[in-house]
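Every chain is named by a letter (A, B, C, D and E) in the order it is written, and numbering of its residues begins at 1.
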Amino acid sequence: MTDFLAHLDTLLLWAFAGCAFVSAALMLVLRQPMRVAIALVSCMVFLGGVYGLLGLHFIAAFQVLIYVGAVMVFMVYAIMLLDPRDESGGEKFSKLLWPGIIGLSLLAEALAVGYWSDLPPAPRGAAGEPFDMIRFSQAFLSEYWLHFELTSVLLLAAVVAALAVIKENRRHDHG
Amino acid sequence: MDKVMMLQVLAASLFALGLTGVIIRRNVLVMLMCMELMLNGVNLSLATFAHTMGSAVGAVLVFLIFVVAAAEIAIAIPIVLLLVRRKRTLDIESYSDLKG
Amino acid sequence: MADATVLSLVLYLPLAGMLAIAAIPAGRDGAVRAFTLAVMVVQFLLSLVLYAHFDPAAPGLQAATRLPWIPAWGVSYIIGLDGYNILLVILTTFLGPLVTAGAFSAVTKEVKLFYAMVFLIQFAMLGTFVAQDLFLFYLFWEAMLIPMFLIIGIWGGERRIYATIKFFLYTAFGSILMLAAVIYLVWSLWSTAGITSFAFADLYKARLPLETQKWLLAAFALSFAIKVPMVPFHTWLPDAHVEAPTAGSVILAGVLLKMGTYGFMKLGFPLFPDATRLAAPMLAMLSVLSIVYGACLALVQTDIKKIIAYSSISHLGYVMLGLVSLDLLGIQGAIMQMVSHGLVAGGLFLMVGMIYERCHTRELAAYGGLAKVLPVYSVFFLILTLASVGLPTTSGFTGEFLVLLGAFNAAWKPAAVTIPVWVAGVAVTGVVLGALYMLWFAQRFLFGAERVPHGPVADLNLREKSILVILVAAVFWLGLFPDSAMKRTELAAREYQELVAAPRTPAATKLTGTLPAEAAR
Amino acid sequence: MNFTAVSIAMAPEHLLLAGIVTLLILEIASDKAKAALPIAVVFVAAASAAAAWLGFTGWTGAPFPGQFDLAPPASFTKAIVLALAVPVLLASKDDFGKGEFYPLVLSSLYGVCLLASAESFLTLFLGIELMSIPVYVLVLMGFRRPESAEAALKYLVLSGTASASFLMGASLMYGSTGSLALESFALALGSPRLLAGTAVVMVVSAFFLKAAIVPFHGWAPDAYEAASVPSTAYMAVLVKAGVLVAAARVFGKAPVAEPLAGLLAILPLVSIVWGNIAAMRQAGLRRMIAYSSIAHAGYLFFAFLGDGPGRFQAVVFYLATYGVMNILAFTALPSHPEDVERDRLENLKGLFRTHPFAALLIGMAMLSLAGIPPFPGFVGKFLIFKNVMAAGYTTYAVLGLVGSYLGIYFYLRVIQYMFMTPEAVSGGHAPSRGVAMGASLICLAGSILIAVLPGTFLARL
Amino acid sequence: MGLLTLIVVLPLLGFVVNGLLGNRLGKGFVSAVGCGLPAIAFAAAVKCFLDLKGAGWAPIAETAYVWTMVGQDSFEIAFWFDRLTAVMALIVTGVGTLIHVYSTGYMHEDKSYARYFAYLNLFLFFMLLLVLGKSLLVLFVGWEGVGLASYLLIGFWFGDMEKAAAGKKAFIVNRIGDAGFLLGMFVIYSAVGTLDMPHINKAFTSGAAPAVSASLVGILLFIGATGKSAQIPLYVWLPDAMAGPTPVSALIHAATMVTAGVYLVARMSGIYLNAPEASTVIAAVGALTALMAATIALAQDDIKKVLAYSTVSQLGFMFVALGVGAYGVAVFHVYTHAFFKACLFLGAGSVIHAMSGEQDIKKMGGLAKKIPVTFFTFALATAAIAGIPPLSGFFSKDEILWYALASGRGGSWLLLGVMAFTALLTAFYMFRLLWLTFFGKPRMIKEVEHHIHESPPSMTGVLVILAILSAVGGFLSIPHFLEPLVALPAVRPGMDAFHYFVVGGSIAIALAGLVGAAYFFGGDAARAAKVKASFAGAYRVLNNKYYVDELYDRFINRPLLWVSEAVFLKLGDRLLIDGTLNGLASVAQRTAGRLSRVQTGSLHKYAFMVLVGMVASLVWMWRNG
């Protein structure tokens, strides 16, 4: 049973990965932005699953919270706001469709060759001991609090920036 | 193929798919989403390595990427709004006035 | 030490003058002109002090200033006089006031900027001559381009933009390759001799393999050959001369072209002696080609300035021939020819400017019989023409004669370099061709039926006469009594000869000497 | 962790942050805050002074081991970069008398400072993003022409791609060396493993993208053209400086071996040629500067071929010379009510007659950018190519120099317009403005200082 | 300042004073300076001659100053006075002074009087430099300098383009010769290491100059001589040089400058004695020139042109003498020629003066009675040149004919034959000239005839003096005087017997010429006209001087211009060099356009470029990794 569970782990992992891949691929072919968004969301959720299976629960949580919860919601709003205006509807793909696809395959291959020929190092820690939330938090607040601070500066800057853009928007309205 | 390899390949694929999406899709919002996809690929790669090596730093970087991605989108969407105001279309090909 | 101060003063006076001009309020052109002339005269007088104090028998630098500048790169600030540059420095300071005065009535727009640029170019040219550090030299060498670019481009003729850009790009191309060679040279000096230095004196110590020498010489030579200019790198010169304002032409012909030959003499050849000796026959052929080619082209020009421009190409061919001959006579002759050409071609361009101010055309066909209308002008013109032809008693003869003599010496006798005898022989035909085009020019210009564009014109005024009297006096002085000048350059000529004649590839014996011993152990 | 050490070491950053906060408070407090410019200038200048002071006292240490450290070269770099920002800010008076421009510039500068001290990929990543994110907005700020948003989007998307590529590389590096410290890049450089190689390429590509190296340069001309003059100056100088400083940090003192050396030579070489040639026919000053900056990015990456120890010095020195001259050109540019008109090279015709001082300054800047001695641009170029040649890459150095020759023409064209052609008919240039002229004078003084005493500068870096 | 230096400097002083101040100080002053200084120079030369004699003919050397020192090599401005110099210096200063005096009358009306005298003094200065110079360098300075003075004086009336062109032609043709001279000088210097003429002669005679063949040097120097002394192929300038004022033609283009080549060869006899090949060339060229010029002179109608060709022809005689090693004889002919040819030219000047500037002998005739002094002196000089004994020309020409046959250094019957025939022609065309000018019916237009008058005493006086000198000059045996310096060649064995035959023959030839001329041109010259008609073709060739100028133009001048224009300028400069550069520039411009087109503004494309860049970089890393 434990064997099975272990295998179930792997199986789920593969399934999630496969689904994530399919969702990602779908993003390239779906016409409606909303559907693309949904595909992306599903991809993210599957990835969240993968993280969970890897034992990185907090990342999984953040993945769902920040990405799906914040970023994608924002995105979906934007789509809802803008999409009706997009009457063009015409071409889905740019003129560079085929070159792009060839490029895709080449790039993927180029990256993959890196892995294949040069396997990543074997897991160092015991397989059953992935670090948990507590260890991560400790590290984060002891070793990496600088980055925490810096992130806040960055968010501050982003807020100012976003405000500025919105102001421009407003100015545009008036002028 | 062991799972780490598989996940890394998946990460690479997501990255490549994202980049390709930026190249081949005309809709601006879709392009932005494809950018997110690239970052997701990166995240997956980092997370997997963090998992295999059991070190926290990769995970910390993933965390930072979340934040930055959110910030970028927060700026990108208003810019797109500005764009659309002008030409009323999301087709990026319409926005190629600067050239030469 | 006092001399060192004087030299610095001579060098920086124009720069100070340029800054001071900026302070003169706009619109007071007269004040600008007078001020510039005054500064230039003072500079010339100061340089005469240097000339008088120059010790012909003392080796090495005189009136030198040595300061560290960028120690990390081995760049130092060294300026000083030696036999190589003393005459060129005097030539530059001598022409300065003449150019300034000559432009009084010609330049009426942007007067301030014009004289600022004249000051700047004066500074850059002097700097090029007195710099004794390769980095410093290169700075001055390139800096000279900028004022010239503006002088041609702002105050030039119809096609000035084309001409000035051509001038700049042509010269800059050579400089870029030279820069590469400079860097390589200094680096290899460091890697072979362990010295990080740009000082000329140190660079002469570099021992480079022949192959390297060839490449570096090619790069240096290209840069210098463009500046000289040697055929086939000369096509910028006629355009630049024709379009440049008079002052520009005078500076160009008078001093600027000498920077090329000076570069060959001070750097190009002595730094890479083995390659030079190897290339000497080819260089001699190119020099002779320049002599003949320039002369032939001067023959078929219809623009007055172009004739003189092409004649410059021809005359500088002699300088190169003299330098390549590695014969003491030829080297000394080359130096004299440099100075002489500066005076003569500079004078001719001044005179063309004077007539252009009056008649507003440079088309030779428009003129005729000036000797009747402008007798004084014609006398001076004829004197300079004949000096250009190299008539004995003028400075042109001194240079040409000694160069040809040196070339023959080198061709005939076993020497460090081989110059084919026929090359030296062909060089002599330049004497005939020179007479052909210059006299043809003078004849159409001065003699025959009177044809003066734009109506009756006045002969030279006092200012113009004074300029020309001074020039002509110098021309005759160097023609009749060249010894006092040549005494000052002799040591340098000898040093140059020795530097180029001695092999300087890395001593291969050292390596083979130690290796077997090590192998035995 | 010593709190005093942290506050001393990060004094420049803290000052910038204080500036941002002050500006925001001001913004909230009053709607038409004229004090924004002086406040921003004061804080940036103070930060620069602080950095210089740190450098002169020789403060060395790592308050956050493995994340953030400080040594005099880094301090001086910060000081130079921040000093360069002062004239940019001053020049912006007419364009952005108030508003978010200043906090955005200050936050971006914060990012640049961070880059100079970054010791790990995490810090570096944050620095890069902190530097870039405000710039997306700077591009469209003022919104002087309708295309600004388009340019901002292009920049954002490609910059995002660069970030992704950078992170991908970092991740692979993490995978192959197990650490995200900057030394791991040096390790990867030395490693024969393909994964490490891939990682290096991804990181280098990201730098190429951010620094606009051909063929990653697409965004640059458009973004430069669309942005307002101070923003363009900021991008061309400070963002580029940030990217290159980051790259220099990443490469460290590690020697560059052949396959990568080829990459670091060929693409920059192509950029030099491409940028210099494409600039020839540009009608707009900013687009021309964009292509010129593509070429300059090429020279800068050449520096990485050079010896490890001299690399940082060469890059920073070049950035200083290049930056000071670029800013000089932009600050001296007379203003014009129409942004597009201000940009047009045609309108520079006869500038010398109307604004002689401005024309002289722009002319100087052009010649310096072209690398004509005795202007400081030459010394910078000299240093780079000296290092490249000393590292044994003679052919690359010669090719690079020849490529740089191609650039002379279009710089000369600007001078030709200003000095040698009769005045443009349209005219309409506003007279030179006091503050911007002051900015030009600062640059002028700086460039003279660099030109006369390059040795003292070099000794500090 | 030594006496030799003084001789040289005096005319220079005249040049400077007249050139700078002449116009302001009036004609009297100009004449005084212009004639006075050469006269003093003549006196100084005489004094030197006496000193020389007093010193037992040991040469006087004098160094003015060191021109320059290069290493061990010193170039001195030094002078040298020996027997040869003495002869030349006396001729130059003597005849020169006379012609100056003559000029005061001839040029009296000219506006540029001062300029004229300045130039003439300048010429004398350079000529004396040439003659007195100790080294080839000084000689060369004078050599070039007289060319300059000649150029200035030929083109004296520069308002007329043709005259200016003649001056230019003279200068350039001379320059061609000078190039040869220079080459010779360089070769000598390379071989001997000095330009000091006494040294060089010594070196060559003692065989101390092995590195170089004397013939090469000899021929190179001779090329210089052909230029200055108007020998084939460089004689073409001399007839044109008649464009100058007539006294100039007398002084420069007859008496002094053109003999510089003869002087040079005689002076460098040390080389030629060791250069039989060069000597042969000289003799051949001299003979050919003499013959050719004489034939041309037959068909010329311009009084000065006839004299010019006669000068060329006489110079040919001198070179024949040089070629056979009779250097003294050549100098002897120089000496006699100076008198009679100067007299002829000045006489012609007087005629032209009388004829109000007319030079065509077809429009003269019957002048003998109207200008008797001119006629008598002219006739005497004609007789002298024709070789009628006991006039001076007889002696010198007879010596030349004799050595042409008998010299052990290349004399031959052929040479004698050619020279004798030439002598016949000489007598014939000279008497033709005399007849057409002075005898027969006046053919000038009335107005001119009305104005005919004898010249002022300043001119006729000079004519008389020169006529006397040409009459008696031959009694001074110059070859004998020069014997210690340049020995006469040995007579070929068995030739002594022919001496009187040659003497008799030459007298006969002279008389035959006289009679022939009288026969053909006596009366209305109808016989001559008949001959001319029957040989119309030959006459045209001769009248057009064998079309040599045209040939030169076709084969040298025009090809040179064509090469310069079409090959160098159009093909070389414009097409190859500038064409390449402009081509590169336009390639750059076009590339710029193409690169701009890459920048389409499409974000897709930019992103794609990024992708391509990444993939390419990755592939690059593998390929090289």
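Operating definition for what follows: a contact is a pair of C-beta atoms (placed from the backbone, for glycine too) under 8 Å apart; a residue touches a chain by one contact, two chains touch by 3 or more.
Just so you know, these numbers come straight off a predicted model, no measurement behind them.
Both chain C and chain D are touched by E.
Under the contact definition stated at the top, the chains bordering both chain B and chain E are A, D. With every chain reduced to the mean of its CA atoms, the largest distance from chain C is reached by A.
When chain centres are defined as mean Cα coordinates, E lies farthest from chain D. Between A-B and A-D, more contacting C-beta pairs join the chains of A-B. Centrality annotation: C (chain centre taken as mean Cα position, compared with the mean over all protein Cα atoms). Once the centre of each chain is set as its mean CA position, chain A and chain D turn out to be 31 Å apart.
Separating the centre of chain A from that of chain E, both taken as means of CA atoms, is a distance of 102 Å. Here the CA centre of chain C is 37 Å from the CA centre of chain E. Between chain B and chain D, the centres computed from C-alpha atoms are 26 Å apart. For chain A, the set of residues touching two or more other chains reads 94, 96, 99-100, 103-104, 107, 110-111, 113, 115, 120-121, 124, 143-144, 147, 151, 154, 158, 161-162, 165, 168, 172. For chain E, residues that reach two or more other chains under the stated contact definition are 596, 599, 601-605, 607-608, 610-612, 614, 618, 622. Within chain C, no positions touching two or more other chains are listed.
Chain pairs recorded as touching, per the definition above, are A-B, A-D, A-E, B-D, B-E, C-D, C-E, D-E.
The touching residues of chain B, counted against chain A in their complex, run 3-10, 12-21, 23-27, 29-30, 32-34, 36-37, 40, 43-44, 47-57, 59-60, 62-64, 66-75, 77-82, 84-85, 88-94. For chain E in complex with chain A, the touching residues are 602, 604-605, 608, 611-612, 614-615, 618-619, 622.
Chain C meets chain D in the complex at residues 68-73, 75, 110, 113, 138-143, 145-146, 149-150, 153-154, 160-161, 164-165, 168-169, 172-173, 176-177, 179-180, 183-184, 186-187, 190.
On the side of chain B, the complex with chain E involves touching residues 19-20, 22-24, 26, 31, 92-93, 95-100. Against chain E, the residues of chain A that register as touching in their complex are 94-96, 99-100, 103-104, 106-107, 110-111, 113.
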